[in-house]
Amino acid sequence: MIVVLKNGVGQEKRDQLIDWLKEQGLKVHISQGEYQTVLGLVGDTTRVDMDLIGSLGIVDSVKRVSEPFKCCNRKFHPEDTVVQVGNVKIGGGNFCLMAGPCSVESEEQIVAVAKAVKASGADMLRGGAFKPRTSPYDFAGLKARGLEFLKIARQETGLPIVTEIMSIVDLPLFEDVDVLQVGARNMQNFDLLRELGKTSKPILLKRGLANTLKELLMSAEYIMASGNEQVILCERGIRTFDDYTRNTLDLAAVPMLHELTHLPVIVDPSHATGINRLVSPMALAAAACGADGLIIEVHNDPIHALCDGAQSLRPEQFDGLAKKIRAVREVALA
Amino acid sequence: MIVVLKNGVGQEKRDQLIDWLKEQGLKVHISQGEYQTVLGLVGDTTRVDMDLIGSLGIVDSVKRVSEPFKCCNRKFHPEDTVVQVGNVKIGGGNFCLMAGPCSVESEEQIVAVAKAVKASGADMLRGGAFKPRTSPYDFAGLKARGLEFLKIARQETGLPIVTEIMSIVDLPLFEDVDVLQVGARNMQNFDLLRELGKTSKPILLKRGLANTLKELLMSAEYIMASGNEQVILCERGIRTFDDYTRNTLDLAAVPMLHELTHLPVIVDPSHATGINRLVSPMALAAAACGADGLIIEVHNDPIHALCDGAQSLRPEQFDGLAKKIRAVREVALA
Amino acid sequence: MIVVLKNGVGQEKRDQLIDWLKEQGLKVHISQGEYQTVLGLVGDTTRVDMDLIGSLGIVDSVKRVSEPFKCCNRKFHPEDTVVQVGNVKIGGGNFCLMAGPCSVESEEQIVAVAKAVKASGADMLRGGAFKPRTSPYDFAGLKARGLEFLKIARQETGLPIVTEIMSIVDLPLFEDVDVLQVGARNMQNFDLLRELGKTSKPILLKRGLANTLKELLMSAEYIMASGNEQVILCERGIRTFDDYTRNTLDLAAVPMLHELTHLPVIVDPSHATGINRLVSPMALAAAACGADGLIIEVHNDPIHALCDGAQSLRPEQFDGLAKKIRAVREVALA
Amino acid sequence: MIVVLKNGVGQEKRDQLIDWLKEQGLKVHISQGEYQTVLGLVGDTTRVDMDLIGSLGIVDSVKRVSEPFKCCNRKFHPEDTVVQVGNVKIGGGNFCLMAGPCSVESEEQIVAVAKAVKASGADMLRGGAFKPRTSPYDFAGLKARGLEFLKIARQETGLPIVTEIMSIVDLPLFEDVDVLQVGARNMQNFDLLRELGKTSKPILLKRGLANTLKELLMSAEYIMASGNEQVILCERGIRTFDDYTRNTLDLAAVPMLHELTHLPVIVDPSHATGINRLVSPMALAAAACGADGLIIEVHNDPIHALCDGAQSLRPEQFDGLAKKIRAVREVALA
């Protein structure tokens, strides 16, 4: 950590700060520039409150030179983490295709979609039972009943299931779920993260709408520091001024995260764009830049199907896409 | 709600859509333009899934012409809501000054700060007991013990207390707290909002880092739709590409929210800027544009004081500011 | 265009507005909702000042239902535009690979890079002679001399050249350049766009750092409305709060622009990310989602080469990438 | 400047880099941390290409510890710059109120508005003759004729005039204009900035829609490095995801810029919000946080007036506001 002092700071104040830093267990290197004094802090700076130091009256700025995350840092763990769910592996060269409807609507619906996506080569079934909705008047999911339908679909197809958990009070209901998803809006619900860190289930952690990669990694760190190292990161679009797409899918996050961390990184092109015509090109792009998996919305609902609806693909669209995804990946990673 | 159809949509598909919309209980006006057909939907469109319709294959775009929020909408409730906490009123011309340390650190600290800010004219005491932190390694607050110290400070000064609640499992601990704060990161923790809507306590709802005013109002709607109409909105800065300040304080949100809603609107200049030298100018600016209150960080901690620290003001700085805030407000609203 | 009136607007004011709108040559459909009156404007609304109407005292909001761009709108011109430069074609199924150094530094350098990228299959040579720099103290390019070196490299390799023009006063110097590039910072330099519209040269128009797709298309419209229909659009990253990459490459812009316009769309992964390790994955992603071309920085400068420098690729890195790009594109568009 | 090397960089590569840095005339301090080597560069780092170093293969990151701007840096010029235009002063405690219509429409209009705003206490007259418009089909101003009308209004009222220049080819037309405005879209039109730096006229430089404060200061630096130190900075709103207001007015920029630079800082609340009902609260907020001036749109056009139009204020609204602005400023800066 680098602390730049302001011009003309007196000897006494400077020494008070240095003494205080040393009390925190840090070594302090002093380097005197033409206009500024720079302190180099060496030691475990993970626990140092950068904001506090940065706002001290004699400090011009503070800059970290090492990342504040440890468990998920590739520097301290160079080999890829492989998350395993039954026979399905994610990361370390293993690609995982997750697919299914936005919401679980009925037993028939989820079983039918599960069979369809399995036939097209999906590795895991997704489906929302607890749904975060911006409006209190919108459909919030079938909840416990939706989880039951998901398990039936798993039984019928053998596909492991991934679904969103919104609150730690619901945790007992998710005991038999394979992968627990933390949605974008809960990426910094730290209590939830800490509790999930005490489970032994893989966690699919979605990036928040306006969160940096560092914050995403710090949220993974919450889970891992509590003891659970099975974390899958998911890029799902960030909020910008853009008006034609719902969010801006930040695909450069995929190779960047691969540099920073050993955790697998997947992409959700459905929520990122909100437009089903963009799902295929963005899925192929994600495969081309090295994503370890994709999570794609597929439905077979007649109202939607009638009108070619929403951000979801129809099973036959997904079928064509699934083949291409694997082919593109093969060529790109060759 | 306005639905614009794509060029060259056939009669049959168009009629299917219109029939489906009518089944949702809406009246449909058809208006045929040169290039496009526009459907005007009349009725209760609050429950209509705009995203779904917008993504239908025959639909070019969907636009709301009325807001999706009701309880907090000024159109249906023209008079200002006044939130009352003991003798303290917020909104409807009543200005409320909340002040106190970022974190409750000890009984001595919180009592001393409480006495100081009371002497300077503060109306309410703030102080964090449960602290959301980006890093799992950072200090997360004194929790239950911090709440006890806050209550002691209340007893000593008579100031009502406002403090953040992060999880519904902690709700019983907050029974004797005056105002419950929902932090920016939890603005869309819908389970938490719904539970807080079942309490009878005033809720201080902070705007999320990248949330629109409409989303802020939809989150207020969650609380109000569950039965609790005592909601105070708080602008605390949004995330932009800016690098000199921590966040960008969006002060135009104050008069804009006053147009859209009858709820009181306060401003947090301390978290918005992250730099104590900017707190005073931004507090005065907030008062000048009509904020119903301010929530300001004040500390008396010697380490901080030594170095003029952090985003907090020292009691003597707050003292001068408090006077000016009321003077500016008086002139601006004259 | 849809104009939503405010609640309780009187008959007289409403009729004044309707009369004024009719004077602008528009037909006005009135539709009376439960809470609001909505006016549907039919006719040529391209010239209607939406901001003006939107801010009238009796107007709640204004929404366009048709795009304000015409020349570049796919609705009025369904077939892809193919831009041709010598034997090189861009768009309509023709993929164009542009490569070369950030700056032209010397005759030797540009000729050497040109030969190298040609050998790897590049179709066009890029190289900056006039360089926009944030700081007045940074190297601003070799200017006229740089253009001469580019022409020598063209003569040696047969590759057409594309280079940035920053000011209309420099236009005579660019007479013999093949493709004129408008940089991100000049995307809304309307005088420059209008003058370039009077030339007969293909224009490579880069999206501004914080511009919407609609604004990019309106800037293309400036060029086309002045008579030049040879416009190539370029996505090069937008500014967000992200800190690990320089900008956020918005790849969903590629398929979205393909829907909205018939103009070819290329991608610049070098400037978008600013990190050479990310150039290859992003180039492959762009090819996978249907870009009509790529513009990639390649250098052979020894200082850079020594240190594996900057956002540029070395010729041998580019060589491997070029092959993969075409292979990925083939599979993705199959 | 701080250069952090990657883990495990060999001695030889490290020394090559250090030698190269020394050749640039810099002193290099080496500090060896637990995991990383940090180089501290001392000397004139203004001309060092941070992007280049940052992307070298052996470099983890580069951070500036001193600003890259000099002429406008308060560190090297602690006293406020006062820009003087006739008898009107801006900065150093002198407040300047600029007002007038968005566009000059006719001699009658501009003279009438000029007289009105002068009567209300305005110090300078604004009015657009050359108008940057997103659409090529929109009214682009009266150009040379508009400048003539502005001069007539100046003659009638004695108010100095400020108006936008879009291109250096128009410079001769502006010879008799008092203050030249550079619009937000041209903030990084470096050729224009450099040419304006060769004039002796005060320049009103507006912040670009998505530019940082550092970039704004670097653009001021362009003008000043060319010899013209009469620069007025203007905050006019930045682009965010917000949908209710046109832009987000970043008022914290005012005190932040006052720390960083000695140049005067004014605020444009009209363009920032785009909604005339928000202009007054935002103008008062700007005055309260220490702005050195305001530039406000005022019109007397009957179509606008009829409907309470656009983002402009009517003269009688401005009259009330002007008094309040000065009163708020007096109280806030007391």
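General remarks:
Order of writing sets the chain letters: A, B, C and D. Residues in each chain are counted from 1.
Keep this in mind: a residue touches a chain if its C-beta (ideal position, glycine included) is under 8 Å from a C-beta of that chain, and two chains touch if they have at least 3 such contacts.
Keep in mind the model is a prediction, meaning the values are calculated, not measured.
In this structure, the chain pairs A-C and A-D differ in their number of contacting C-beta pairs, and the larger number is found at A-C. With centres computed as the average of Cα coordinates, no chain lies farther from subunit B than C. Rounded to whole angstrom, the centroid-to-centroid distance between subunit A and subunit D, based on C-alpha atoms, equals 38 Å. A straight line joining the Cα centres of subunit A and subunit C is 31 Å long.
Counting only residues that touch two or more partner chains, subunit A has 210, 239-241, 275. The part of subunit B that touches subunit C in the complex is made up of residues 2, 4, 7, 29, 31, 33-36, 38, 40, 42-43, 60-61, 63, 65-66, 75, 239-241. By the touch rule above, subunit D contacts subunit B in their complex via residues 210, 212-214, 238, 240-245, 248-252, 254-256, 259-260, 272-273, 275, 277-278, 281-282, 284-290, 324, 327-328, 331-332, 334.
Residue ranges of subunit C in contact with subunit D, taken from their complex: 13, 16-17, 20, 46-47, 49, 51-52, 55-59, 68-69, 132-140, 166-169, 185-186, 188-192, 194, 209-210, 215, 218, 221-222, 225-226, 239, 274-276, 303-304, 306-311.
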